[in-house]
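Got a structure for you, questions after.
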Amino acid sequence: MDFFLEVLTGGLLAGVMYSLVAIGFVLIYKASGVFNFAQGAMVLFAALTFVSLWEHGIPFWGAFVMTLLSMLALAWGVERVVLRPLVNRPPITLFMATLGLSYVIEGLAQLLWGSQVHGLELGISDEPLEVGGMLVSQFDLFAAGVAGVLVLILSLLFNKTRIGITLRAVADDQLAALAVGIRLERIWMIVWAVAGFVGLVAGLLWGARLGVQFSLSLVVLKALPVLIIGGFTSVGGAIVGGLIIGASEKLAEIYLGPLIGGGIENWFPYVLALLFLLVRPSGIFGERAIERV
Amino acid sequence: MLYRESGQFNTSYRADQRWFRLWQQRWVFATWMILAFVVVPLIGNDYWLNAILIPFLVLSLAGLGLNLLTGYAGQISLGSAAFMAIGAFATYNFQLRIEGMPLLISLFLGGLTAAGAGVVFGLPSLRIKGFYLLVSTLAAQFFVTWILTQCGWFSNYNASGVITAPPLVVLGQNISSPAGRYLLTLSVAFVLFWLARNIVHGELGRRWMAVRDMDTAAAVIGIPILQTKLLAFAISSFVLGIAGALWAFAYLGTVEPHGFDLSRSFQILFIIIIGGMGSILGSFLGAAFIVLLPILLSNLSATFLAGWVDPGQLENLQKIIFGALIIFFLIKEPQGLARLLEIVRQRARVWPLRF
Amino acid sequence: MFSFKKRAALIGVLALGMVATVQAANEQYFPLQSYRVGPYAAGGTGFFGGFIDYLQYVNLKEGGVNGVKFTWSECETEYVVEKGVECYERLKKGLNGAPAAATNPLSVGIAYATLERSAADKLPLITINHGRTDSTDGSVFPYVFPLQLNPYSEVSAIINYIGQQAGGLDKIKGKKIVTLYHGSPYGKETNPILELLAKKYGFELTLLEVPHPGNEQQSQWLNIRRIKPDWVILRGWGVMNPVALKTAQKTGFPADHIIGNIWSNSEEDAAPAGAAAKGFISITTHPSGTNFPVLQDIGNTVIKAGKGNLKDSKRFGTVYYNLGVVNGILNVEAVRVAQAKFGKRPLTGEEVRWGFENIRLDDVRLKQLGAYGLVQPLKLSCSDHEGGGAVRFQQWDGKKWQVVSDWVQADRKLLRPIIEESSHQYAKEKGITPRDCAKES
Amino acid sequence: MVDNTFPHQLLHQAATQPALVALRHKYLGIWHQQSWRELSDEVGSLARALAELGLGQGDTLVLLTYPRREALLLSMAAQWLGAIAAPVDPDLDKDTLALLLSHLQSRFVFAEGQDQVGQALLHGATRVVYAEARGMTAYSHENLHAYIELVQTDTKGVHPLMAREQDVAFALYRITDEQQVQVEHFRHVELLQEGRHLVLTERLGQREEAFAARVFATSGHLRYLLSPWLTAGFTLNFPENIVTRDADRRELGPTLVVGTRETYQRLESLVKARLPIAGSYVGRFVTYALQSDGSRFQKLLAYWLIKRPLKDVIGFSHIHLPLLIGPALSQESLHFFRSLGIHIRTWDKIANWRTLSATTSNKLLAETQTDSIKRALS
Amino acid sequence: MTAHAPLLELQHISLSFKGIKAITDISFAVQQGEICALIGPNGAGKSSLLNVINGVYQPDEGVISFNSKSYSRMKAHQAAVQGIARTFQNIALFKGMSVLDNVLTGRNLKVRSNWLEQMLNSGRAPADYVSQRIKAEEVIDFLRINQWRNSIVGTLPYGLQKRVELARALASEPRLLLLDEPMAGMNNEEKAEMSAFILDTQREFGTTVVLIEHDIGVVMNLSGHVVVLDYGKKVGDGTPDEVRHNPEVIAAYLGTKH
């Protein structure tokens, strides 16, 4: 029985890692209705920039700030070049633009920092802790803690600060926000920058887990089912969605896997998300879109 | 501008239905066909046939398949590579397990199997719309690659799950030579493009476009949404299936499920974005662009700047160029190259006047 | 109209590129389908760096082989099959008149795709340490050479090593071994052999697949924790290896009971896992490090002279780099052997093929090449395109690989019938009449 | 010599070249064609139907219609019976039209659609034929006849041809500023003579493709379009409607275009408005090309790059005779068209309008008929 | 009012969106060949009622009977098959297609050949296409939009798009035509023209028309039967004159408190 618990906690903690990436999606979707497929590439870009700077001898926090500045620049560039000309285009076009964007960022990252594999040591030893007969990885706990702090900061930002309120206004109705005089471009840049920050945090944690290299950007494929279940518009939903996906994925692999040949982690989350969708076509937390004729 | 079109008018609705109204257009099309069917196999060297023309034809066929589904019926899909994989493995098994099965029949049956799978993964499209449809097709993408590697039966228990092309024999002729494979791909592509053109200009094409533009209005005027969407998935997967089979047998010769992974689906989606959504010619132009640009880039760099840009950096540069082009097209001309060509043609038609 | 103009311009450029200068250079050409970008860039840059540096070294030190200099040109494949095929088609004709000697794609997918074309174009396809195991049988696969080690020998050598550690092959009866393999043709290739060996020696085998790209292995390693095996054989590639080591540490499995195969044995596989990799064992056909005469020579004549292909000089002497050098040694040796028979001039693919089949690398010859200890004694023939089949084992001490064993031979007698049965089935399927090797050698 | 009237010419053409296309008009998206044989049969059955309605020698059939195929056939059917066809332009403003119609008091009217039928019934029309069925249910008037009914009456033999060359074929009416009604009469013989004159001088064959947006607008149309059409036997083409005439002309590529001064002026202004703006590079190149002087190479370039495509855009690629009827075009416009290689030929004849006092119109009509009968008898 | 059964009859229809009462207990009948106008202030539930008739919304209670067959759950597809066609308040045309294609799509229920025959251009397809095309061209000619036959709908001005939408509705030869503010945003001359088209449609093809219109002048001379709605309730039903003098209607329009 405690093996089941162990798998469950391992799954939940892994789920937290997925929701880290998913939060980046939610932020951008909430504020600009853009389904940003380039979030994975941004995670790769952030991690690669940080590691390369760190290896060139710049201290940890120095590298962190410089990477953050580069994410800000990236956000400004994306808003200026991609978002502004595509302002009221159908969501499908915007989605495809972010597809193109992910190619650009991946190419840029590898052009600047080369395609070597970098180890990333955050100083957290990964010796598993003995907790009630179960092995729980220290690293994952740390990651869960970081995620919790992040969600706290974001909810504070969204609810308490002035920028937060404007962000939520833009999320609800862009036209109304414009009418009230909110400068849409600035808001979008802020949102993409915040998403860049979340991407950096996710990049560091995922980078420490996998080593910083190209396949970091594939982590976006894990985030998609999380968003489907959690809904695109709520940060809390992203966390819950991540936990559900993480746990169910691991349990399915261990209990269902051997029966049908193993290696089902790629498609199982999508099938699960699909079942959720058939029940609620816009996710647990997402608002139900009313079909206007 | 180049040719005079006055004096050619239609006296019957059948004449009005023809693809090309002007005899000059028909002549240009005929010369293209002669060039493709007769001249190229004669003068084409191995490199041109194997490495450029065959992949171009197969990718334009795949582009056509996805264009029918996303360009015309408006159902976005990231699972096109999965349907190609099903087509390839089904054709391989039909060819292998049934003695003396002619290649073309097994190609057709492979397409049908892919169409069946297309319908299955198309079912959710009735209940969910837009983004969420991505999930159903992505599920198809990952599930199919998994099932093909998992069950040995599909690859005839080959230890590493790789299928190799059987000797290609059509009507008794062995066509394994590059020119032979090229002609096989070309004729299959020609037939499918012709049929697709007829569908798109017929009632079904209009229903697809109606569902694409405004499905609530389509339902109100009596279009059976269920049947229309499933037909879109079925026909699109049929074409993709055959493209997949040609990719495995006519182009590479051997293929593994990972040859049809997500980046292949992205590639096909890029083909129709750059080529032109909702245009038969668009799939051609997009495929030509996607196949020729990397080769052009690497050749240019190999000959001119061989010294200081090493191939690795060039690959990154090319990735950036591709991404930038996608964004450029989406901003400047969402309907892609086909629309640009159309604007040039319209401008030439009223030359020297401005409109 | 529009696309016709584009096509015409392209033909012009291509023709220009092809023709260039057609002077009858006295050069032997190596087409390189290299990959320096994408998920497997680490392997590509190291291997092709080593290979090019060795060719450079032979050109600089001995002016090529008997006066025939080596030339090469690279074409980026990004480890993608159709790009590999396109590069093969473009480069197989040679460069400025220099005929191609052999192709070294270092990718299972590309090897499979160009296998038949190599036979048709009569150009040897070298898949050192990997590729189709049944291509060892030269009678059916005349133009394919899985030099030094094929996947079946690799796995059999590992089992022999586990037997050694347990004090004899009979002792491993009842032990539990898990094989964690990459969900691709390369990964699945050896599963049947493992099952055969498990039946033969009576150990309990579990096969766990890691879906590509292998970013997430928590569930596999939790399974391993439940099985509590004695040994884990890791047949990984790319990102899968460091993730395996880190997840092993996370689930409390000792790193020194994990044995990596030939494609999980480089510094780039262990270093990113940091502390979790300490004690990790892996097999290798060539030790890392530079204390071999040939490598010192390369260091002095090529690297110090600034002609090294490596962008990051710290990778000189790493496992991939040395594999590239070993591959260079074997290719050049084949050319040298072929020139002895066919004359001191640029050779065609067919002649180089004969050269490969008559490579005799005994200890004396290895000492002359300065590669004693780096390369195992090899004896290739028409029927045996592998030649070696032995490996050494090395352990990662946190910074470098330390060799911890002598050559461990695979059980080739057991494997031969399986190889032949598989190659004959391929011959029947493809309608190839196997060559009669008896009268050839 | 074949009897010198429009219906006779029609029968002559139907006999000599029955299968050739006489009429072509664009309707419902495609071009419908009618051969000479079919045309003469239809006119024949129309004549018989009109005779049954009581249309006889000397009566007037008012054609209150926009340019339409049915109007042309009805006018020939009326002439077949010796009656006069009097086309009236429905675009005239309300009261001039009312004055004209009340003046004419014609019993037989062809009214195209709902509005024209209303106006005709107001002014004493007893026999009204209509073409467009729309809105007809509102007029449940017993002597209202659909054109299709007339044509479909079963063929009980052919009505004898009553037309004589001295009969008045057409009568054009207009209202002068002082509310005076003026009329111009055209006899068969004059029209055919003018038509033959044009056919000979311009060497018009039977393979011509004539294109005209309006058929009855002016006397020039009757003289230099209808009568040459019947004498030479070429094809007369109608556009789908007034608005689509430019596109239809381009689609057709006619060899003979008939138009008034306004037609050509409208065409010229349309082209000039759409030519590239003078300042731009292209604009400069176009103006440079359209000048007549310059080297051989410049002429060649101008022809292939500008003149040839421009002629094709306005549908003049196959033009053999761009005919202008009525008052001539200004020199400057003529020069413009000549620079495009289009040499407009002007045919004009001074119209002899005779003013009728408001009361005497009917009497005069009767009188012209009587002296025509007298002349026929003498 | 001939005595035989009305073409369309609504009995006690009510509809609510999660508590908000859009329509409460409305019943009225429309005779065959009649032009009936639904008028009332904004938000009176006119559009929702139209959507109920043609099956876009399903009413909470009440029965719709059309052509003497009654439905409580009318589906959009069912309505179309029965011969109910409609236009929308903010134009629901297929922007990516040409005018001709839009009108031909209107006729999709009348197409007899299936997609296979059309693909191979064999069997019933060629003749079927010609007959569909002629019917469509007749409607295009009827509404005088043949000049824009091949232009893409998205590029046409607003007034023209309204006409194309009417053409698409007419193409399906409906028995009942529902028009949702056909003349919204038009100038007087365009309004006159559109009224003429509606009158002709009713006279020419005998189609029963139910339209929503704000311009009382147009309503009065166009329709023989007027139904007035206010806050989802029916406050007036009868000939234009009866309705004009009905106190409740005046109150609704002049906005005296209830």
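Chains: A, B, C, D and E, in written order; residue numbering restarts at 1 for each.
Methods note: a residue touches a chain if its C-beta (ideal position, glycine included) is under 8 Å from a C-beta of that chain, and two chains touch if they have at least 3 such contacts.
The chain lineup, named per UniProt: A = Amino acid/amide ABC transporter membrane protein 1, HAAT family; B = Amino acid/amide ABC transporter membrane protein 2, HAAT family; D = AMP-binding enzyme; E = Amino acid/amide ABC transporter ATP-binding protein 1, HAAT family.
Predicted, not measured: the structure shown is a model, and the values here were computed from it.
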By mean Cα position, the chain sitting nearest the middle
B
Using mean Cα positions as chain centres, tell me which chain lies farthest from chain A.
D
Return the chain whose centre of C-alpha atoms lies at maximal distance from the corresponding centre of chain B.
D
Report the inter-centroid distance (CA atoms only) between chain A and chain E in whole Å.
48
Approximate Å spacing (C-alpha centroids) for the pair chain D (AMP-binding enzyme), chain E
42
CA centre of chain A versus CA centre of chain D (AMP-binding enzyme): separation in Å?
75
Could you check chain A for residues that touch two or more other chains and list them?
110, 115, 261, 263-264, 266, 293
Please list all residues of chain B that touch 2 or more other chains.
13, 16, 146, 149, 216, 312, 316
In chain D (AMP-binding enzyme), which residues are in touch with two or more of the other chains?
29
Help me check something: in the complex, which residues belonging to chain D (AMP-binding enzyme) touch chain E?
27-29, 133-135, 137-138, 240-241, 243-244, 247
In the complex, chain B touches chain C at residues 2, 46-47, 50-52, 55, 146, 149, 159-162, 164, 167, 251-256, 258-259, 261, 284-285, 288, 292, 294-296, 298-300, 302-303, 306, 310-312, 314-316, 341, 344
Flag every residue of chain B that touches chain A in the complex, lowest number first.
76, 124, 127-132, 134-136, 138-139, 142-143, 145-146, 149-151, 216, 262, 266, 269-270, 273, 312-313, 316-320, 322-327, 330-331, 334
Chain A residues touching chain C - in the complex, by the definition given at the top:
3, 6-7, 10-11, 14, 110, 114-121, 125-128, 135, 137, 139-140, 209-215, 218-219, 222, 249-250, 253-254, 257-258, 261-266
Residue ranges of chain E in contact with chain B within the complex
54-56, 76-77, 79-81, 85-86, 88, 92-97, 101, 104-106, 108-109, 111, 113, 115, 118-121, 125-126, 129-130, 133-134, 168-169, 172
